[in-house]
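After this come two complexes, each holding chain A, first together with chain B and then together with chain C.
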Partner chain A sequence: MDDSIKRLLQRIIKRIPFEMLETTLEKWGRLTEAQRNSLDFTQSKWALTERLLAICEENEWSIKSITDLEMIYIIENPNLGMWNAFQLLDPDEGAHSVDLLQFKKQFKSHLSELIRHVSVKIKKHTDEAVWIRIAWGDNFSRPNHLKPTYVVHHLQTPYVFMTSLNSKLKPLLSQALILSTKHQTIKDANLRGRNLSSIRDLLMRQYQQEFPTKYPSPLAEKNQTLSNRHIEAEHAQAAANRHRMACEAFGRGTLPQLQSAVYKLETKFRDHTNKTMTEREEPFRCVVKFTSTNLLESFRHCASSGIASTPVSPLLSSVPSKGRNYFVVTDNGPGPTQLSQSQN
Partner chain B sequence: MEQHQKSVARTPPTSTIAQRKSKSIGYRQSYHSCLSATSRLGLTSALTVRRLNTTRRTPKSHNITDKVNPEHLSLLVKTEWQLSYVTPLYQFRHTQLRSYSRQLSAFIAAEKQQGLAVEVEGLHSSFRVLFSVVQGLSESDDDPETVLIQIHSKPLFGKQDEPQKPIWSGWLTCINGNSEYLRSLPEDFTCLPLFGSNGSEDLTSAVKSWFKQTFDCCFGPLEISNTNLQWLVALWTNCHREYDIQYLKMIWTLPVVPPLQVSYTVNSTDAWDLWNSVRQEMRAGEDEAENVNSIDIEEVIHFFEGLKNHFYRHFRLDLSGGSLNHISSALGSAKLSGRIKIAYSRYMITTLTLLTECALLKMPV
Partner chain C sequence: MEGTKGVLSHLNLLKVQARGLKAQPQQQQSRVKELKAKVEALKMQREQLKAEIQTHKKLQDLRSSMDNRRAEEEEEMNEDSENSQLLRLMARHTQLKDLLHAHHLIGGYDIMRTRKGVCVSLATAYEGFYLDTYNLEIDMKPRVRVSRHNIPPFIPLNSLTEQTHMQTDLRPFLDTLSQHLNALAGRKQQLKLVKEQHQSVEVMESNVLCSILVLMLTVLGEKTAVLCTLDYTDHTRSLPTHVRLECEDEQLPDSPRWKKNCSLLMETPVHKALLTMKKMGHIV
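For the complex of A and B:
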């Protein structure tokens, strides 16, 4: 039996946490009743691995079956790597009618035309997402199954999410994707995060948003008794206003999880107390990176608590409204405070 | 535009000053106690009420490699040190370092032995402590020489002939310590107020307890306050004239839920231009030659206001609402929690001078 199959199985089992091993193997469904019963989950993981390797030899599992196990685990636990979002542009006629079968066939044939040694496995998940696992080789070597790329695409949407992709292979993958989804181009959506469902929700606007309104609360009766609590009321109103604007900018309830946002600022330094710098021709170059366990919730709290002034800066609200977390900011506009966000 | 003006005015420019004021009161109090202690010992009460310096000399590049043994220097740079302050050591002699090495090895061995059921053979040789003087690492004549402590040990499951490896190191120093204070100390006291350690917690506390027992001193954590981090940023930026600091990175934490970290990395040339412009604006009309060698706290505050205003103009987010807790550049890094790393030795004297001052101020005597 090929050693590489065993090594791959060993690697995958090592990755799967012990408490998830039993359910994952069950979903995989390649063990016979007797084999399943022979696995003792009170044993150490090492002993279990040994037993599975023996079964592997017995059943003569192929590399395809083993990668299937990996896919089941990754689909269930997608938040282990860094996901990059891409956007497909300029759909051709018929882009809306691409079905799974057609996509599968097209994608595989296009990719294998571009690169000789490549192994592709496509699986449809319950939530309409198509999961693609690609193991890359090159003209001289066989596909390396230990470092696969994962691609997630929802058919009929313009978004594609990728993880662990070598920049050299990106053009090949992009090419295969646009051909098989019937689009003209693909571009970096400048959105990165560890939580796949969050970046997907952000791009597809699937979270609780709030829209600006002229009458934020039901009209109140005018004949309320006036008391000395005027100031309190004013403060409460200011706080409520800040809270409303914060929610308008970032949404309500639980927000999609992003870990960071990066802004590359190349704007002029303007400060009325500092003439020398204001008159300086060159932009002031700096990079600002925000990090948090849930960036949008932190931003919302900044605005509602008053650490960030309201209305919220368009740079911050651009993260949810544009679905991006990487920006290059330059002064292109004519106005003194105009900021334009160009793509990298 | 009008709104913009207003928003600039709303960034509280006084917050750093206000913070500084409260800090200096705190320092003054600790010095009060220090004063009474010295007078109790019947010494000159020449020591005036002192607070954190508001003016410092500009950093000078030191040819430290000429003065200090490069072997020692390589041990000090590029390592992250956890800082503490130490009160003056009673009857510490630089001439007794050999005997201290022996005593501390025995002390650590004894500490480790506690709770061990079986006597391990040759335990005393498992830790080797080495005290040494770092010749040349001092600035003024009053500064006592820096002391370096290294602990070597054999790996637990290592082979018999395997050489001992350094597992812990630390140093005690005093760079440009306040001479009035140093001179007011009685003869039997040596003041090395800044203690840096790198290695396991266990060993650090063992070393500290040995010092406490032997020299009747006490240790305490030395945090690098917001103001001092700002001072370091300014001092480091000022070095850019002679040495490319490559970048200037500052990290703030904002108290929101969940906490938000803001890292602000400025191009070194642009940071230097801003610093230079602040210096020029502040010194307009003054005799330039006279003041070019000193930096005033006002300049540091203005520099930070400039950085914060630029940030506010883009994000409408007030950094003064958070705390600055980490700074770094090609010269090194420093954290609020009292961790410091020196990456370039030529300016280490400046950094250590500031830290010595912090340690002296933090000391409760």
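For the complex of A and C:
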């Protein structure tokens, strides 16, 4: 039996947490009844791995079945790596009618035309997402299954999500993607995060956005008893206003989880007390990075509690409204500092 | 003398006639043009009348259902006078809901003035149920522009704004957008109903736009599987533009029974078509 198959199996089992191993193997469904019973989940993980390797030899599993196990685990637990969003542009005539079968066939054939040794596995998940696992080789070596790239795409939408992609291989993957989805170009959407469903929800606008409305619901209670009516009312009004503006900028309820937002500033230094810096011809370059376990939640809290000023600066509200968390800020003529499109 | 006069006048007459004949084609052409224009105008009028009839019909349905409901409610009220206040409130609630529905039927949008422009909310509905509501914030100055919205990215908002000349008139843009969103809501709801009502039908493929639906049907008795692909190419409609059947038994898609099923799927919402096919004993 090929050693690489065993090594891959070993690695995948090592990645899967012990408490998830049983259910994942069950979903995989490649163990016979007897083999399943022979696995003792009270044993140590090391012993279990040994037993699985023996079964692997017994059943003569191919590399395909082992990668299937990995895909099952990754699809269930996608929030382990860093996901990058890309946007497909200029759809062709037939882009709306590309179905899964067609996409699968086209993608595989286009990619294998571009690179000789590549192993592609495509799976459709229940929520209509197409999952692609790519193991790359080069012209001389066989595909390396230990470092696969994962790509997630919802057919008929302009977004693609990728993780662990080598920048050298990006053009090949992009080419195969635009050909098989019938688009003209693909560009970096400048959005990255650890939580796949969050960045997807942000781009697909599947979170609770707040809009001004004539009929605010639920109806506000009118007979609130206040201890000191005059003072309290003043504050409540301002606070409610801040809260509303914060919600309009970032959304209501639970927000998509982003871990960071990066602003690359290339603007002129403005501070009349510091003449040397202000008079410099060159723009002042710096990078501002915000990090948090849930960045949008933090932004919203800052705005509604008054730490950040309201109305919310477009620099901050652009994260949800434009669906990106990487910006290059440049001076745009004599007017106020504006966001400009970054050149990838 | 008389003879010559007669000949001359006859010649004169012929000359006039010849002139008249020359002018005729021109006259005819202009007449054709006139008639064509009239046809166009009449066609337009017909379309308008059709639309009016449809709205009236819908309103009539609504009114009759409202009347029915009211009658029912009145009966109940007599039976149980303790709850009459609650019932009256419920009646008022339905009445208001119907009014809102009528407002949407005649193309009303909920528009609210904001600091820079307006905020429009588009409600979607299918078979009398309100589904998702979408919002658009539109800036009016310096030019009309959608500044913020929660419309999914697979609805081609940008090309819609260009195609409908949003700069000059907002209405056609909102109408087309509402058509797209309502059709999407309709397709989505149909898919949901298929999954809920037809456990024996397997949904093999669908997408977020609900523009492709592949179903696995089983023929009653023979247990042969039929793969049914519904293509919704026209995204402003919630009915398919194309239905394709695939089966191991190659004769099956051409049989009159399945041809009928095909046209049924083209003309009725998919969950209802499946129900009919089930009742007719064509599928499990």
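In this section, the second predicted complex is superposed on the first by the 304 of 344 C-alpha atoms of A that agree within 3 Å, B and C clash if a C-alpha of one lies under 4 Å from a C-alpha of the other, contacts with A are read in each partner's own complex, and residues count from 1 in each chain.
The working rule: a contact is a pair of C-beta atoms (placed from the backbone, for glycine too) under 8 Å apart; a residue touches a chain by one contact, two chains touch by 3 or more.
Predicted model only: the values in this text are computed from it and were never measured.
A.B. asks: Which touches a greater number of chain A residues, chain B or chain C?
C.D. replies: More residues of chain A are touched by B.
A.B. asks: Check whether A:16 is in contact with chain B, with chain C, with both or with neither, and answer first, second, both or neither.
C.D. replies: neither
A.B. asks: Could you say whether A:74 touches chain B, chain C, both of them, or neither, answering first, second, both or neither?
C.D. replies: Touch status of A:74: no partner.
A.B. asks: Is A:128 contacted by the first partner chain B, the second partner chain C, both or neither?
C.D. replies: The answer is second: A:128 touches chain C but not chain B.
A.B. asks: Using the touch definition from the top, say if A:246 reaches chain B (first), chain C (second), both or neither.
C.D. replies: In the superposition, A:246 contacts neither chain B nor chain C.
A.B. asks: Kindly classify A:5 by the partners it touches after superposition: chain B alone (first), chain C alone (second), both, or neither?
C.D. replies: Neither partner.
A.B. asks: Between chain B (first) and chain C (second), which, if any, makes contact with A:298: first, second, both or neither?
C.D. replies: In the superposition, A:298 contacts chain B only.
A.B. asks: With both complexes overlaid on chain A, does A:159 touch chain B (first), chain C (second), both or neither?
C.D. replies: second
A.B. asks: For A:177, decide between first (touching chain B), second (touching chain C), both and neither.
C.D. replies: neither
A.B. asks: Starting from the residues of chain A touching chain B, keep only those that also touch chain C in the other complex, and list them.
C.D. replies: Chain A residues touching both partners: none found.
A.B. asks: Flag every residue of chain C that touches chain A in the complex, lowest number first.
C.D. replies: Contact set of chain C toward chain A: 110, 112, 114, 119, 121, 135, 137, 148-154, 205-209, 211-212, 214, 231, 233, 235.
A.B. asks: Mind listing the chain A positions that touch chain C in their complex?
C.D. replies: Against chain C, the touching part of chain A is residues 96-97, 99-100, 124, 128, 154-159, 203-206, 209, 211-214, 321.
A.B. asks: Using the touch definition from the top, list the residues of chain A that touch chain B in their complex.
C.D. replies: Contacts found on chain A: 263, 265, 267, 269-277, 280, 282, 284-295, 297-299, 301-302, 305, 307-313, 315-316, 329, 336-337, 339.
A.B. asks: Which part of chain B faces chain A closely enough to touch in the complex?
C.D. replies: Listed in rising order, the residues of chain B that touch chain A are 1, 4, 7-8, 10, 254-267, 270, 273-274, 276-278, 280-281, 302, 306, 309-311, 313-318, 321-322.
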